[in-house]
Amino acid sequence: MMLLAIWLVPLAGAIVNWAFGPQLKRAAGVVGCVALAVPFVATILSWSAATQNAGSAVGMHQALFSWMPGFDFGLLLDPLSLIWALIITGVGFLIHVYSVGYMWNDNAIARFFAYMNFFVFAMLTLVLSDNFVGLLVGWGLVGLASYFLIGFWFFKPTAVAAARKAFVINVVGDVAIMFAIFLMFAKTGSTSFATVFGHVPALGNWLFLVCVFLFIGAAAKSAQIPLHTWLPDAMEGPTPVSALIHAATMVTAGVYLVARCWPLWNASHEAQLLVGTIGGLTALAGALLGIAQWDIKRILAYSTMSQIGYMIMGVGVTAYQAGVAHFFTHAFFKACLFLGAGIVIHELADEQDIRRMGGMRSRAPVAFFAMFASVLAISGFPGFAGFFSKDAVIFGALEHGHPWLYVIGIITAGITAYYMFRLFFVTFFGTYRGDLDPAQVGVMNPSEPAAHEPAHGETHAPAWLMGAPVAILGVFAVIAGYVMIGANSAWNRFFAQTFPSANLAAPAISEGWTTAILFVVMAGGIAIAYVRYATPVALADAPARLRAESQRLPAILVKLFYFDELIDWLFVKPSQALGRFFGSIFDPDVIDGGVRALVGFNTGLGTLVRGAQTGLLRSYALVIVFGAALFAVYYALQGAAR
Amino acid sequence: MPNFITHEDWLAITPLLIAGGGALIVLLVDLLWPKHAPRYVSLALGIGVLLAAGAFAATTYGRSYDAFNGGFMLGGFAVVFQEIIVVSAIFSLALFGTFGRDDRMAGITALLLWSTTGAMLMAGAANLMTIFLGLELLSLALYCLCGVAGRPASQESALKYLILSSTASGFLLFGMALLFGATGSVTLASLTLPGLTANPLYWMGGGFFLVGIAFKLSLMPFHVWSPDVYEGAPLPVTAFMSVVTKAGTLAVFARFAYALPHGEKLLLPFFVIAGISMIGGNLAMLAQTDLKRLLAYSGVAQAGYMVAALAGASALGMRYAIYYLAAYMFMNLGAFAIAALLSGEREEGAQIAAFRGLGQRQPLLAAAMSFFLLALAGFPPTAGFLGKILILAATVNAGYAWLAALLIAGTAISLYAYFKIFRLMYDPHDSPAPAVRTSAPLAYAGAAFCAVCVIIMTFYPLTPSNVLPLVK
Amino acid sequence: MVLLLILLPIAAGSVLFALPRGERLWSRVIGCVVAAATFALPLLDPNGGDFSARWLSRPFTASLHFSWSGFSLWLVLLLALCTFCAILATNAAQSRTMVALLLMLEGGMMGVFTARDILAFALFWDLMLIPPFFALIEWAPHRETAWRFLIYNFSGGLTLLLATAAFGILSGSTDVIGGTHQFAGSWAPWIFAGFAFAFAVKTPLWPLHTWMPNTYAELPPPFVAVISAVQSKAGLYGFIVIALPFLRSALVEWRWLLVALALVSLLYGAFVALTQTDTKRIVAYSSLSHLGLIVLAIASANPVAIQGALVYIVAHGLFSAALFLILGYLEEREETRSVLKLGGLGAVNPKLAGAFTIAALAALGLPGLAGFAGELVILTGVFRAGYFWPALIALVPIVLASAYMLRLLQDVINGPQVAALPRRPDLTVIEALAVAPLLAALLLVGIYPHALLAAVMR
Amino acid sequence: MHANLLPVALANYVALSSVIFFIGVAGVVLRRNPLIMLMSIELMWNAANLLFLAFARAWLNNAGHIFAFLVITVAAAEAAIGLAIVVIVFRSRANVDVDEVAMMKG
């Protein structure tokens, strides 16, 4: 019963908001928050039930109904899905509270909360389902929710295009998982986790194929290398959306999938290699791309991509516990960073380019302190949450025999520290550059302010609505890591039954030398950022330095490694050309042409036959005599033959 | 001294006597009438005579008797053919209600009655002489009937028909002579003598005989006369001719084919030209502008279908051929009735263009015409469809699969050909053609009657098993 | 009772012709009542309503044998529902003629779906082509479309007849639907070819589909809704009910050709839909692609795939009917079907936009709606039947589906408001009521398709 | 068969009648004057008559003779009607040429 409550309450919230939207107006926010609070509380209450093993499997299981013969649905809450449910509902609740403030003046607030609740419902479906088809249903619905929310301001053409791009790439992921389901169904005859993981050897040589296709699904959702182009564009949506979906929950669905299917990964070494490498490369690419961005939300988007690269690398190299740990901590500090950025943007009436910000310390103190803690956490500063989880992941890579992944991890950690502090210093230090002429600070095409719908009444949202969640998240960004200290930390004990003990490597603190290297590299990154942006002399002529940096940014980074063009050129253009060819040339000319030719040929034959009618009597007589002659010849032959 | 002509013999030929005698009576009445018997008097008299002949023939339905020691077959499928011939004769007389000049109507009726007699004689003919007699009686009367309409084209068609038909009869005669030489007797029964195939006379005779029959059935190479004659002749005569010549000749061919014990070799070329005419007839229809010419080519194709039914001399084949002939009669006469309504005084209306936009002007008429066309094309709910399926069944069972394939191909082509008219009728975007001749109540009645018959035949398909006795 | 199901709509249709030409209200009321009756009738007696009368005895025994059970029950209900919604949605100038033709169309198709005798099936197969043809003649801007529709489908009808005749002759009787006697023999491949050609023209399968886009684009919306939703299923119904049980050996023989054609229509429909600018053509080509998937399921002849096909047939019926009705409303409001000129409707008519979104999402196979249920199970079955690569290739159109369907959806309802477009009122109650049952059914089948299958399995 | 009664062998009769027959056919096809064509038709019919008589004599079956009488009467009737039609057709025309009578074609 508790499981149903967790699962269905957000859906109820969404329906209420959607149906009674216009009447509710701002009250929809309250409905939304309540629809999140209830499942959060329910998850905590069912904490104990989820952790001790009921019967064979660990956690609470609730069978629902048989969707199709051979496909039965059910809900499962075990430690892994518990962690995810907690983050979704917990961080989700905070973000909902924040959104009430953020969307205070937007008159489509009801629709916004309807979509947000629907998203949480979809994410819970994904996380709580006990079989792959249920997971796929959740996967698709989550993609739909992100489509709605990215394209929330549907009068902005860029938002509409971004929403479609996100959805199509997500469908690629859906389709890949579908194929994995076929493979599993063909070999094991069912799609529920229990049976599939119970008969891993039955998959035989298709095991690697299953892993690959599952990973493609994960990569599409978690924005890994080839399928990551939708994430930066997804920033078109409102900031709380970016916080909830594109930082804390949805993008980590891929990590959840790989973690959930750890028996498959354990059995196939090549799959581990593949996932680990892709994770590492994504981390590095995300970091490099992060350097060259000026839009505050895009920087955070690339940092999300990079951090998820870490998580994927973690679970890829079978250091599941480390990967999930990084997810846990990352959810807090990344949500805090996004919400903080939201406050800054809100403050500057939707200005998102950090070159036109500066000196925000005084105007948004809460954001300043919370983001300061989160920036330290994300760089992995000792004592902050990120330090423990990032360190565990990087060390996990080394421990599980991927030395060069370890090296990539270290380098990325350094770059992460650099661009996060670059963001921090440029936004909060120095003087406010907003009223300068954009060209002075190197902004070539200043984005005109978002064509907001005419907000009704300029009443200002109560300050605490946006400040409190940011503060709480900031606190968590610090303390979230403490639960992982030590070999048999609470974290390890929590996951004892879920993952095999071999993978529960103790976090690196015991291995002093790796932590030291990590600290040195991170400190170096911060130092460089400090020198470039935060020294008093740098702050003085900040506009000139920023303008100089804007001009000489390497094109390859600005153009995002040309991934967009590559995908466009490789897939979009040819399919459109093919479509035009089939539609306008093949259909009318080839097929219909053929039919017309057939008809023409027949009519031609008809006129030929008609030609025999010359009207002349004697020609008729000739035709008849000719026919009779043929007959005579045939019969003469017959007669002679006898 | 054996009594040569028994009561049964008289019974057999009474329908013919009624028809022939009736013609004389019509002429006498016309003679005695002060100036000229008015149109409806001669027509009524003609129809009365035909009804009497038909009724009498029906009474002899059950029996089958070899009248005039092998000269004339009574009963059996002969009666059915006679019924079909009488019905189409009555139909064309009804059509004459609005055609031709008053003063000539008596002559026309008489000629028509005589040609019906000839056809009925052919239907029952069992030996070469009666076949020839019936054939010539039918043809001679038709030569005159073709020339009856005042138009020059009508005279031209009469001339063409006369000369070509006589030439074909010449071939037929020559064939009969050779057959007589081979078998030593004129009766068709004699064809079953053993050892015939060794005699070259038999082969040549059979060949020339079949040429004559093929001409009359207007199968492909010998069909050249039919388009011109159909177009030239007055519409009622064309209607009459298109059904009756096929019926009579089909009966003769059936008796000839079924009499041959092992006739496949002899009849093969005949079925080949039947196949060719199925394809050629339909193809030629594609490029037609005149309705009567189009129905002429359709007749060529339909003749091909009917002959195909007789392939392999199977008992079932005979039944299906008769069923299809009956269905063809109703469809064809229905189409001609509608054409009669559409053609103006000088019959210039018989062009296909007359059908343009008919859907708007005369929806009922358009519906009737499309129904007949769909039937001719073999569209399901009509008897045409059922007939085609029966013929398909017969040919496939008789092992002539290639003939069945040709039938299917022909039907496909005909589908498009008939649709061209269908399309003209229902094209709202075209300018409407001249008005319709509405003063022809008999034609309306005829069309309605044919439509009803076609529908009846679909759902209660005269299930051949109970209506038609086996070929005697 | 089944006779009532077939003859009632046809009778009502002809009665409606008696009404004065311009009349609008009464014809729609009668139409709805009759359609509702045909929906209720089968529910009263789920698998029964048997009627049989002797028709032919000579070459082969054929009888006018009608009844509905199992799969045909669902198609009958789908047909009744779509007709009801279509009639509710008609408010064109001559709604009297449109409603009359719709009812006759429904009668014809009832005959097809309830026929238990292949000859009766063939008879009604041709009869159901007449109403759309007259609708095309009446309302289609180009005459060419009407004739192409007629000749393509009739040639299909012709081969169907010939195959029926051959089947009847060689197996003695055509009163066999429902039974499962295997028909072997040297002629089996040819008979199957006849049936397959007719069904392929109707479904439309790839090379024989050129009649479909123009017909769907130029027919009035309520008509297209019924035809795309149900008439195209007649072909698939034929495959499942005639080809599979009786000519399975022939089907197995031709299966690679069928699989190839299905894949081509899948990809072909998807690619062309990407580049079309006319809203109705996009949906038309998308249905070419979706139906290709069902043919793939049939070609694989795998039980799981067939179950998926049954669900997907009903699902496709529902969402294509809904889509075409909604596009019809759109066309009425904005007088243009070109995607380039439309835009920004979301703000002006939210209800229309909402309905359009749900229907479009079902069409692209969003999990949780009916489309996904069918797709997933079909491809699982096809994969299990050993078609590794076809199943993989069949996944590409699903991605393309989301691309072109979203492009259609967004070009119409999202984006900045186009000034040139007239601002029309949102959906009226009747229009909403016409689409609501379809969307509700979509949700229901999506969440719990098992109910649909349970009825069929019995 | 009584060979001695027949001074001329049967084959010769068949040959003769065939020759006559094909002369008739040639006449119909080649000559343009309708009267000549009618005469050629008569020729064909009489060739058949000859054959009938020859075989009747050969088989000693009188049916042949009766048939010959029948053919003669029918030929007469056909000639009468033929001439009548020829007169009607060519009354209004300048010269008697069958090729001019070609109004209907196609």
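For reference, chains read A, B, C and D in written order, and residue numbers begin at 1 within each chain.
Just so it is clear, contacts are C-beta pairs under 8 Å (C-beta built on N, C-alpha and C of every residue); 3 or more make two chains touch, one makes a residue touch a chain.
Predicted model only: the values in this text are computed from it and were never measured.
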Chain labels contacting subunit B and also subunit D: A
Pair joined by the larger number of C-beta contacts - B-C, A-C: A-C
Chain whose Cα centroid lies nearest the overall Cα centroid: C
Whole-Å gap separating subunit C and subunit D, where each centre is the average of the chain's CA atoms: 68
Chain centre separation (subunit B, subunit C; CA means) in Å: 46
CA centroid of subunit A to CA centroid of subunit C, Å: 37
Centre-of-Cα separation between subunit B and subunit A, whole angstrom: 80
Where subunit A touches two or more other chains, by residue: 610, 613, 615, 617, 621, 625
Residues within subunit C bordering two or more other chains: none
Residue list for subunit D, restricted to those that touch at least two other chains: 25, 28, 98, 101-106
Chain-chain contacts as defined at top: A-B, A-C, A-D, B-C, B-D
Residue numbers on subunit B that touch subunit A, as the complex places them: 159-160, 163-164, 167-168, 171, 197-204, 206-208, 210-211, 214-215, 221-222, 224-225, 227-228, 265-266, 269, 273, 280, 283-288, 413, 416
Residue ranges of subunit A in contact with subunit D within the complex: 610, 613-618, 621-622, 625
Touching residues on subunit D, where the partner in the complex is subunit A: 25, 28-30, 32, 98-99, 101-106
Subunit D - residues contacting subunit B, complex: 14, 17, 21, 24-25, 28, 34, 37-38, 41, 44-45, 47-49, 51-52, 54-56, 58-59, 61, 63-64, 66-67, 70-71, 74, 77-78, 81-82, 84-86, 88-89, 92, 98, 101-106
Residue numbers on subunit A that touch subunit B, as the complex places them: 599, 602-603, 605-610, 612-613, 615, 617, 619-621, 623-628, 630-632, 634-636, 638-640, 642
